[in-house]
Structure formats: C-alpha cells, structure tokens
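Here's a structure for you.
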C-alpha cells in the first residue's frame, strides 16, 4: 500500500488533535476572571509570578547599558530579601554574552531569542547557526519561532522537522517554541501547532504563545488552548512540557488570572517556573507594586519602583 | 512522532499548593426582619396574622419572617388586580413600556443588594446571582418594555389585547428571575398580576415590591402573596384569573391541571425535565466537558432544563469521563457568599433528602458513584458534584428528575441510537448536542423532542429566545415574540 | 451690576469629539428677536469626508455590540435628553419656536428614542426568518446593517426630525453622518453634547452643521456612504438620486410637514427595514 499522501496525513493529524470551540473556550476562561484572590493567597500568587517572569528587552535600540540595568533588576527586583529573583532575562543573540557576564552563576537564566526572531524568514541553516552561536555564548534557554508559512501551507512535517533540528542545535539549553498565535489565528491551529512542537520536545522545554512583536499576543483564550494541549499530551505520554504566555500581560491582576488557569487545568505540578513563565517587561513592576500594597496596606505610585516608565 | 509512555500512568495533582483565601461578598442585602404581603400597592398583614420563617440553607439560620397568605388575602389580591386592570389595560403601550423600563433600571441600580439577598435566601453561589440571575432579570424587563408599544407587529393580522388578571406561581430555583419571566410579558401586554413566590424563597420577591413602588407602578397592577402549597392552589384556582402560569414540578403541574379541569381557564406550564446532553466523538472535547459541567452543576443542578443525562459516544466515553472528573475536582463547594464558590447549598432539607434518596437508589440499581474528594461545610444543606456511570435507560436515575448536582452517564454508538435514547423520556424540555459537524447539529435539532436545543453550548438564555417544553415538560413558551402570545387574548 | 454670562462656542460632534470645521469657516445665527447668538461651524466637504472616516471606523464595533447593548445605549440617550429637556426647549424657543410646540415635539422625540431602543432586540424576529425550502437544508435569513448611512435632516422640526431619522438607522448597527437643520442648527450642537454622555461610542453618530447646497452633492457622491436617508426638496432629491446611481446607494426620503413628524406613523419597523441588508444561508440537515 502506498504511504498516505501529505494531504491525508494532514487531515488525519488535524482529526487526531481535535477541534476547539472558540465561544466555548472563551466562556471557560471568563470564569477565571471571576476568581477572587485575596490576602495570603494573593501574595503567594504574586511572588510566584515574580519568580516566573522572563524579564525581556528585545528592541533594535538595545545597548549593553540597557542589558546591564535589566540584569540588575532581574537579580533584585525591588531590593526586598523575601522576593525571589526572576526566572530569566530574555535578550537578542548579540546581547547574550553581556547578560551572561551579569547573571552567570546566579539562579537567573539567560534566554536568547534565535531563528531570525520574530519573522523566522531566513534559511534553516542561518537559523540553526544563530541558535548554536547563542548557546556557545552562554544562553541557558533559546526562544525560537516556528515556520508559520510552512504551517499555514499545510507542510506539518517540515514545521516539525525544523523544530527537531533546533532541539538538536540547543544541546543542553532548554528550548521554548514560539507558535506566534496571531499568525495562526484560530484556536484549532494553535492546538495543532502545540502538538506538532511537543512531539519533538524534551521534558523541561516550553511552548510559547507569541513574539510580542504583533498586535495580538497572549490571551486567556490562547493560553487555555495551549494548557489543554500540554495536559492532553502529558496524560498520553508522561512528558511534561512547560508553557510561556508572552506579550499583552501588563498587570498583576491579569497574571493572577493566568495562574488560576494553570492551577485549574494542569494543577500543582505546573505552578513552578520550571514549567510556566511570563514573557513580560512592565508586568514585573505591577507585581511589585501590588506586593508592596499588600505589605503596607496602601496603594503605591508607579514611579517608586526602579526602571518604571511612568513619571506622572 | 510522540514518544511512547513508560512507567505508571501520569496523573495531574489538584492539591493544596495554592489554596484560595475566603473572599466573602460584603454588600448589604438590606433585609427586613419581617415582610408583609403587597396588595393594591400597599404592604398589608395577612388576615390570619400568621408568618413563617425563611431560612438560609447554607447556615440553617433564620433570615426573616414571611407572611402566610390565606384565601381572604388571595381574594383581596385578585380584587385589587381587577380594579387596577380597568386603567392599566387602556394605558397606551408606550406608557406601559416606560414603567417596565424604569423597573429594569431600578433593578440594575440595586443589583448587588438583590444578588446577596437571593444567595442568602436560596443557597445559590453569589457568583451566579450576581452574574446571571439579577442581570438576566433586569434584561427581561428591559426587553419586554420595548414590546408594549409594538403589539400590532407581534402577530400579523391580529391586535393583541390583554387577558385580564393572571395568576402566577413560581419556583425556588431562580426566584427573582422566574418573577421577571412571569411579570414582564404579562405587564407588557396590559394584564394585571397576582403572583406567588415559592415558600422557601420569598425574600427577593417581597423586596421587589419596593422597586415597583419606586417605579411608580399604579397600585394593584402587581400583587404579591406568599405562602405554601395551599396559597398556590388558591392563586391557581381563583375564578377571577383569566389565565394561570405555573413553573414547578411536573407532579404539581398535573395537579393544577386536574384542579382546573372543570373551567375554561387558560394556562401555561413550565415543568420538569431530564435532558440529554449528547457528546459525539468529533466534538471539541474540552468545551463539551465545560458544557456538561455547566449543564448539571450550574445552580447545583436545580434547573428544569439541566443536562442531567450525559449521552456520550462510546469511542470517546473514557476520555470524556476522565476529563470530566478532572474538571469536577476544580469545583468549589461551600459558602454561597464566597465569591469563589462554584456550588452552593441545596435549597432545602427536603430537596437534599430527595437527592440522597435517588442517588442511593441509583447505587442500589448498580450505577457506579464517583465524587471528587473534599469536605463539605459542617452546617447547611450541601451535596457534592456527583457522577453516576454505567447507567442505562432502565435505571431510575436515568428517568426521574433528581434536581440536584448529579449526572447520570450513558453511552451510545450511532446517531440514531443517540436520538432514540435522548427522546426516550416523558419529558421534553431541553437537550444538548456536541459535535463539530454542522449538518449533524441540524439533524439532531430537527429530531430531538425538546423545546430548547443547545448545540455546542448549554444553559444559554435570552429574553428574546423562546423557552418551554414538549410533552410532560409543559406547554407554552416564555421569551421572544412567541412568548407574548401566551399573555394575549385569542382573536 | 449683573454678572456677565459665559457664552458657548458651538462645535460639532464628530468622531466622539467636538470640533470646528476644518475650513475654519462659521456662519452667525440670530435669535428670534434678531440679536446675534453665536457662530455655527460651516462644515465643508472635507468635514463630511472626515466624518465618514470616523463613522466607518466606529462601524464594526457598533455592529458587533449585542442588540440589548444598543438598546440600552439608545435608552440612555433618551435619559440624557430628558434630563436636559428644559435647556433644549429653551433653545428652540430662543430661535422662534412656540413654547408649547417645542415641549410637545421634545416629548415625542424622547419617546421615539425609547420606541427605537425597544426595537433593537426585536426587529430581527420580524424581518428575519427560517424559510421552508423544498430540500433537506436549514435555510435562514438574517438582517445585517448596511454600514455608514448619510442622514439629511429637515430644517424643521430640528430636533424631532433629526432624532426620528438617526434612531432607526443606528438601532440596527449602522453608523451615521447627519446634516442638521440649516435654519436652526444650534439645537444640534446641544444634542451632540447629549450623545457624548450617552455611552454611544464615538463615531457612531456624527453631526454636521452648514449649508445644504454645499454638502448635499457630496452626500450624494461619497461612495463609502452606503445609503442616504433624506428630508429633501425635489431638486435635492434629483441630485441625491443621480449621485446614488454612481455607487448603487440605497436612497430613502421622508415626506411630510411638521404635523406628520408628531404622528405614530412617523416611526415603526419600516425605517429600520430600509437600512438593513438581508442575508440568506443554507446548510444541509443530515448525519
């Protein structure tokens, strides 16, 4: 019997993975926003979120100086002894060495974007070379982008093979696979892409929502799709993959909703920065601001926290 | 491809790593210690001078005293309604509508106060009374307000005229919402009303009298008489009623129909159900599970249209049940006033006893019972979310309405079999269909004998969407253009 | 010495903001006694163009709102106007209306807004349908708003006419660019303020003041206006119909003198139906 055609395999894959009802899943996640997290449970959640932050700077105008202050903030977000450092700093490949100088040897990891972030539109060999280079410079984690063009053209095997090649190029570094939800558009596609990635990932790797460079980033809806995919994959294979929503999470309140989603979908084993991260920059200060409010009882001004953008 | 699994089966841990602190709602429900009847626009003591206590089912403690209306009080209510009808029925529709708009807005103003009162009196979680019951009640008044001046459009070739005075008896599961479902269309059409709330949940109705006053509703247009079954029988049987509307159990509905058999009284009945929630193997499974959970655990299962029978296609049964159990582990049972509570108290000791009795019967007949781990509060009437698997159509728990958070799970192989099993009941109020295939949804919708079919969703309501049942689930519709006709005189 | 009052600078309500004409032109209006009252923006074709942009931008969001939500916003608009009824009535009298006529007209106008608020979540059941086709298909017809609608209000009655025409058009999810009365434009300035506090999203209703001879031709030919609803004289009708032909605009006119606006026949389902599209969908019924 001839092997099934690419089209047939494509259809079978989509069938196996299953569909997602958009209205239904959005109703489900709306319930997370009605959870009322107060007092000790709020402080616990906020501290967990601080420790889960991948503090990020990914701008054309990044300089060593900028990376220095990012790393300083990452190690000591507010100078308080009972606050954890963040999980990682996330920078462009050109800044990996500088970041490693600042946080090497501490619990804060260096994550580097690679694979022609954010578009991914270069030859595979260029993308892999970039990965190897960042790892050689000291990156502990790599955030890659999948080939959306290939995905939307139905070339699922190619998408998966490329991810597998990046896994290999990472060596000891952990890999986070950015699906870029705004390009995939539908929840069905996000679910399918999640499985495509997880099938070639190792325990300790992550799937990630977005580059943060488009208008649509992490939402409770796409977070939920990916959490459910992770759960189904785990229950089927025993392999635990992590999750990272990135972009669009600016307030502590939102971060707590995302954590409720983790708690109610994946349970206690995923409430750790080994399996869940927030890709964010301004979120950190809002977490700190809310923690300070809980500690003192008074609402805080934003400018009292280092590296805050607001001066008014 | 996917790595093959070695070792013990993976399990998710839904434990106490991140417990939620109590998050009580603190808004003041502004309860009175003792309520009075509302007749002819005034608060009046019951002729008998008798009151009974309304208790909080979560704490078993007294909330307030409720007047017990006797035959004389019911007579007075009908007399007041009849007197008010003369003017109310000839008020231009535009003006009648404005009263209903005012009522809607005033209820929205005091939404939180009413939500807390509803939760205290009935046991449902504050999240539900706040996010569903009260806003939906306001929406019903707002929607029907707009029909009052458009009645010539509602039925081509007819001018809809009011019936007169209507008697209405409502249940305890959605006290304020059921009041809105009954009053809004009746008033929009120009009728006057005598309404009896349920015995265990009279508080929000009696508070509602204050809204009617603030809206300036002419005295006697709406009259509220509280009491038990006896009072209800007088309201249903009163000779001055041009029509009666009843929402409650099928058993009592049949009794009322017998009671009125010798009269020409018009009636509508919204009775019980044993809805099938049908999940096909191509359904988006996580959303289907959410729909199953909504279908049976919303309002502790005290819902006439609850999806109390899960019909799941055999090929996905094990997966669906596994997902369902994980989802049920996340349901928080407890203090209804806590904003994080998902399942509140069972409405009364009597209802709790009924649920226990039927579940025990189910186990005796061979169904397998599963409940998530967790402690129930020491005080109050509580029952955990419950799964009964291995159920067939011959089991009592597949045929009798439990009216509690208990899901009976049956399987099927083909579309035809699903339809047969779903229709194999004396009830016919609602049904759910979960599948990715559009044509199948439309076929099921065509062939299911149910007044409401929810496809890839469940427990969705809207004032514009007609609601009501087939067979022993009742007759007549509430909501939408179709629902208006039940409050209008023929020809 | 009596205190000198602050006079208001009339600005038009476009895109949710209050603006002068981009041409910076104004024309003076005098009260019934002949005294100078204020300078009204003399809106230009470019203002009309900008207003259409604003209306188009607001369109998708407005159309996606639930009918219940649109109903509540229309109701709130009525609440806002009711609260400032005296002020509006005084403005009408200032410019020559009889007090009794002004009061009656405003009462009808506010009630008419309520009337259309009540239609927003009902017309679908009367204009749409499930159709009994002779094949195993589910066939249903639904309505859809047309898009940006140009409204040309009558010179008189200035408030009742304008509101009677705007309300049915926006109830179904269309957005509006309206030209207010030329002879009595000041009440439209006040109406803009009431629209702004009614929860209506900016851009859903845009009110222009100015001269019909300047603006009607542009209403006629602007291709992004999908429909025109006008109180117009025969010459204006000809211009509008000719312009509509170029882009196949739907055109509807209102007739009638002042008395007609007060009647119940001036409201109802027809004005809503005139500004919705009908879409019919087929889907097989089967396993």
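Letters A, B and C mark the chains as written, and numbering starts fresh at 1 in each.
One rule holds in what follows: contacts are C-beta pairs under 8 Å (C-beta built on N, C-alpha and C of every residue); 3 or more make two chains touch, one makes a residue touch a chain.
Computed from a predicted model, the values in this text were never measured in an experiment.
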Top chain pair, ranked by number of contacting C-beta pairs: A-B
Identifier of the chain whose CA centre is least distant from the whole-structure CA centre: B
Whole-Å separation of chain centres (CA-atom averages), subunit A against subunit B: 43
Distance between the centres, which are taken as Cα means, of subunit C and subunit A, whole angstrom: 48
Approximate Å spacing (C-alpha centroids) for the pair subunit B, subunit C: 41
Parts of subunit B lying in touch with subunit C, wherever the complex brings them together: 94, 97-98, 101, 139, 142-143, 145-150, 153, 415, 438-440, 442-443, 446, 463-464, 480-481
Footprint of subunit B on subunit A - complex, ascending: 15, 18-21, 23-25, 27-28, 34-42, 44-45, 48, 199, 228, 231, 233-240, 259, 263-264, 266-269, 271
Contact set on subunit B toward subunit A in their complex: 1-7, 9-10, 12-23, 127, 131, 282, 284-288, 290-291, 322, 330, 339-340, 436, 456-457
Partner subunit B, residues of subunit C touching it in the complex: 67-68, 71-72, 75, 111, 114-115, 117-122, 124-126, 138, 268-269, 283-287
